[in-house]
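As written, the chain order gives the labels A, B, C and D, with residue 1 at the start of each chain.
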Amino acid sequence: MVNANTKVCLSGLELDNPVIPASGTFGYGYEFAELYDINVLGTFSFKGTTREPRFGNPTPRIAECREGMINAVGLQNPGVEKVISEELPKLAKCFNKKVIANVSGFSIDEYMYTCERLDAQEQVGLIEVNISCPNVHGGGMSFGTQPEMAARVTKAVKSVTKKPVYIKLTPNVTDIASIAKACEEAGADGISLINTLMGMRIDLNRKKPVIANTMGGFSGPAIFPVALRCVWQVYNAVNIPVIGMGGVSCAEDVIEMMLAGATAVETGAINLVDPYASKKIVEDLPRVMEKYHITNLSDIIGGAHS
Amino acid sequence: MVNANTKVCLSGLELDNPVIPASGTFGYGYEFAELYDINVLGTFSFKGTTREPRFGNPTPRIAECREGMINAVGLQNPGVEKVISEELPKLAKCFNKKVIANVSGFSIDEYMYTCERLDAQEQVGLIEVNISCPNVHGGGMSFGTQPEMAARVTKAVKSVTKKPVYIKLTPNVTDIASIAKACEEAGADGISLINTLMGMRIDLNRKKPVIANTMGGFSGPAIFPVALRCVWQVYNAVNIPVIGMGGVSCAEDVIEMMLAGATAVETGAINLVDPYASKKIVEDLPRVMEKYHITNLSDIIGGAHS
Amino acid sequence: MKQGIFTIQSNENIALNVYKMVLTGDTGAITAPGQFVDIMLEGYFLRRPISVCDCVDGKLTLIYKVVGKGTEAMAGLEAEQKLDLLTGLGNGYDLTACRNHALLIGGGVGVPPLYMMARELREMGKEVSVILGFNKAKEIFYQKEFEALGAHTYVATADGSVGTKGFVTDVMNSVDIPYDYFYCCGPEPMLKAVYNASKTGGQFSFEERMGCGFGACMGCSCKTKYGNKRICKDGPVLTKEEIIW
Amino acid sequence: MKQGIFTIQSNENIALNVYKMVLTGDTGAITAPGQFVDIMLEGYFLRRPISVCDCVDGKLTLIYKVVGKGTEAMAGLEAEQKLDLLTGLGNGYDLTACRNHALLIGGGVGVPPLYMMARELREMGKEVSVILGFNKAKEIFYQKEFEALGAHTYVATADGSVGTKGFVTDVMNSVDIPYDYFYCCGPEPMLKAVYNASKTGGQFSFEERMGCGFGACMGCSCKTKYGNKRICKDGPVLTKEEIIW
């Protein structure tokens, strides 16, 4: 345990450990900072930010599932200018590491604008570009479902940023590896995956969908096997680092993700039901590493391949 | 409860109730017939059958997941001729209803051959064509991942059969509705869904995939929200009946699936861990129908739409 | 907010499908009536939000109705069992907004949070009137408890089996209660009816399906005249003037 | 096969990471040593297969090693708790294949099923020799129990701390046991070594990851000289002549 080295590195961004609360499940950090010193984390990815402020979808936006949940928040956020002027300064008071800026958009222009603004912020260490949103100029299909569209967003964003850019992929596709490859070829520094699975629930009393918007994003421990498979496939397909996520809820899951090919691992829905979950995982890692005879965590990245 | 009417009808095949153990989780029926009278079921779908006998994949073929499992059985079956000469006669002794014949193949010819042979069997009431297998003549991509390929299998099979043909879809695609629509246009009598999600697990002790074949099909209660979403989308896209499955484990799940658009519902992995599960669901249905004020189960099909 | 392990002291059926659970544990984060706790239940992914009914000397009282599988599981719990709770969630009611005479209006399982509020208002020396709305006699609970606090207590039942026949607003419209401020909790249609029937300022407690319960997920947002608010963190209590229906 | 609810009578640690659990319930479906039960554990989707160590008068004894989360959960169970079991799974050993003198060879948690077999063979009046293989002294269990049945009992430990230093096959090669048939259970490398070291016919019990445990899913298949077999239903016991390594 004394010797457990949990350090990992994402395109130059050095992390004390690979544990990163995922976008949308950690707000802008300070709700959790009320509970514990969030500097114990590797870093975290802040709430998906768009050019304009967004209220998001009508409520109910949340449904429960076995070992998971559905959300249809719809990217509620105060808009990039307020994030820069209000959220980041507040965050600076409780977090002294570089944060991951999660960016969403509905057009290439919007992605470019928001990424450029966030690239200029000192506190931002890495930009995670969520391409699961529907493309309003391209017929509503999500940017992340076609390799060409994914590549276009990547290229556009890379042209206006200096910080590492990770493209965050949706698993709701036939061939996630081909999309990852297109992003790599377009210049992405890394790949982040997975975003939520499309899912739904119906309320038996009302005999109507639980979620006002009908469908939503399904995540939590239930989806871990799908996420692990996607990380495995993408690790096989690209030569850039992968951030793995989807259902991670304990230190063992972190190690499984890294063996599949993840350089770092994000924790999502579990933060919502156990606000201390990410801290516990960080603290538990050395013990679990010892159990599985791991000294340097970074040595096991992709270790289960061949 | 006295008045609960659980009858449903699949393209002329009348079922006493909508509960159908799914292919691959009920063998050819008689393991369960040792435990209870399987005539209480709506019907069941027998193990995926191919033209030639198959041993399937190397073991381990099974991995555990939270609220689910992964299998990579690889379509082990004795081949269609033995199914006809040995399994069906054995089944006749314990089952007096029409069974669903689940058919798999690796080429259009093979699908046609197997379907034609099974179409000629009196005991078969409906043919469920599983198009999740890789197409050996078409580069290995699964038949079920492209609308054109799905349509070709459908047309070919329909040309050699008189019984209702339901095409069973994989959820591992970007747009399941477009594939369902292609099958409908090609003459499918109904759509069956979902097959398993692609998933994997890694053994932390060996630091290698649990499944010998690396990946496998993830199913069980964990995948219910994805399955329900797929049923909803396909019901919206086609005018033929839908058999819904994926994670169903109780009578409430059956009703949720039917509200989403399923005319009948298959139960899969749950049969493996609770061999009485399907019987219990059949017996529980009238009570749950009463709780949610349902008299005729067939009235609620698609009831949650608008 | 605090996370803590609580021990069940008792868990009893007090009305039709309604249970009262008393727990002990660290209640230090609970600072105002109208706040809620979020309960982790084995086998269920999301926590269940339940209002604080009362909280004195480390004893926490919750009153909940069995409406689904989670609350059904809760009803089956027994003394000595442990529960993982997030406590001190939500803003709670602002009791200082009432000058002399508060009108408390609750419907069904909207009644519980009014109890702690009535007690505290009485301790502050204020006059308290309470209108409790239920569907029928069998569902009524806590009428005596409110009376014991010295609150003027009115009951309305939809079927007329006890008190005024009809809704809480029928009491508001028929009895002349000289309140200068009101506090309300119940199903949304009731909140809206009270909004329209009320003659003074007041506060309303809202419900929404929640992901986290502590402001992290944006699952429970609503629009108000003062901007977007999270029911779990900026609410569940909203003031009359900020509400957009 | 039968599904039944069993009650734990005792659950104790008997060697390093090894536990013995005694349960009562309907054992009517258990007909032969070498069969197994499949245990449902709360919070785990698949059942855990564990061999019958003994079964007399409705008392079922299981011996299991903690190797993962499921067996860890089992180790935490206490007397009076209930477990859902499928019983009477698998073919079991065919005791009639041995004429006079059976050699039983077990390694680690392959030892338990040999106990019921030794008892039954002794009751049938046959001579029984047993070779038990473990890694080290702390892991040894049931040596006395076999001796008490009147079985010639040999122990091998990999570290030499007790008995013969080495593997069970080192005992087979060094001691001249006049067996006419053998029965074997343990990890696959041991089975293979015994296969090669043995001079007579015999039977081997195999392990495989299982979906159902009762023949429905084809999760546990293996190829034999007599065709494909399901370890759970057509096995777990295979005869020497049919095995393909």
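Definition applied: a residue touches a chain if its C-beta (ideal position, glycine included) is under 8 Å from a C-beta of that chain, and two chains touch if they have at least 3 such contacts.
Note that this is a predicted model, so its numbers are computed, not measured.
Trainee: Starting at subunit A, what is the smallest number of hops through touching chains needed to reach subunit B?
Mentor: The fewest steps needed to get from subunit A to subunit B is 1.
Trainee: Measuring centre to centre, with centres taken as mean CA positions, what chain is farthest from subunit A?
Mentor: D
Trainee: Using CA atom averages as chain centres, what separation in Å is found between subunit B and subunit C?
Mentor: 47
Trainee: Quick check: how many Å separate the C-alpha centres of subunit B and subunit D?
Mentor: 36
Trainee: In subunit C, which residues are in touch with two or more of the other chains?
Mentor: none
Trainee: Please output the residue numbers of subunit B that touch at least 2 other chains, ranges allowed.
Mentor: In subunit B, 63, 65-68, 221 touch at least two other chains.
Trainee: Tell me, which parts of subunit B touch subunit D in their complex?
Mentor: Answer in residue numbers: 24-27, 31-32, 34-35, 47, 55-56, 59-69, 71, 73, 76, 210, 220-221, 269, 271-276.
Trainee: Using the touch rule from the top, collect the residues of subunit D that touch subunit B in their complex.
Mentor: Residues 1, 3, 40, 44-47, 86, 208-212, 214-223, 228, 233.
Trainee: Can you name the residues of subunit B that touch subunit A in the complex?
Mentor: Going through subunit B, the ones touching subunit A are 63, 65-68, 70, 145, 172-174, 197-202, 204-205, 207-209, 214-215, 218, 221-226, 228-229, 232, 247, 252, 255-256, 259-260, 292, 300, 303-304.
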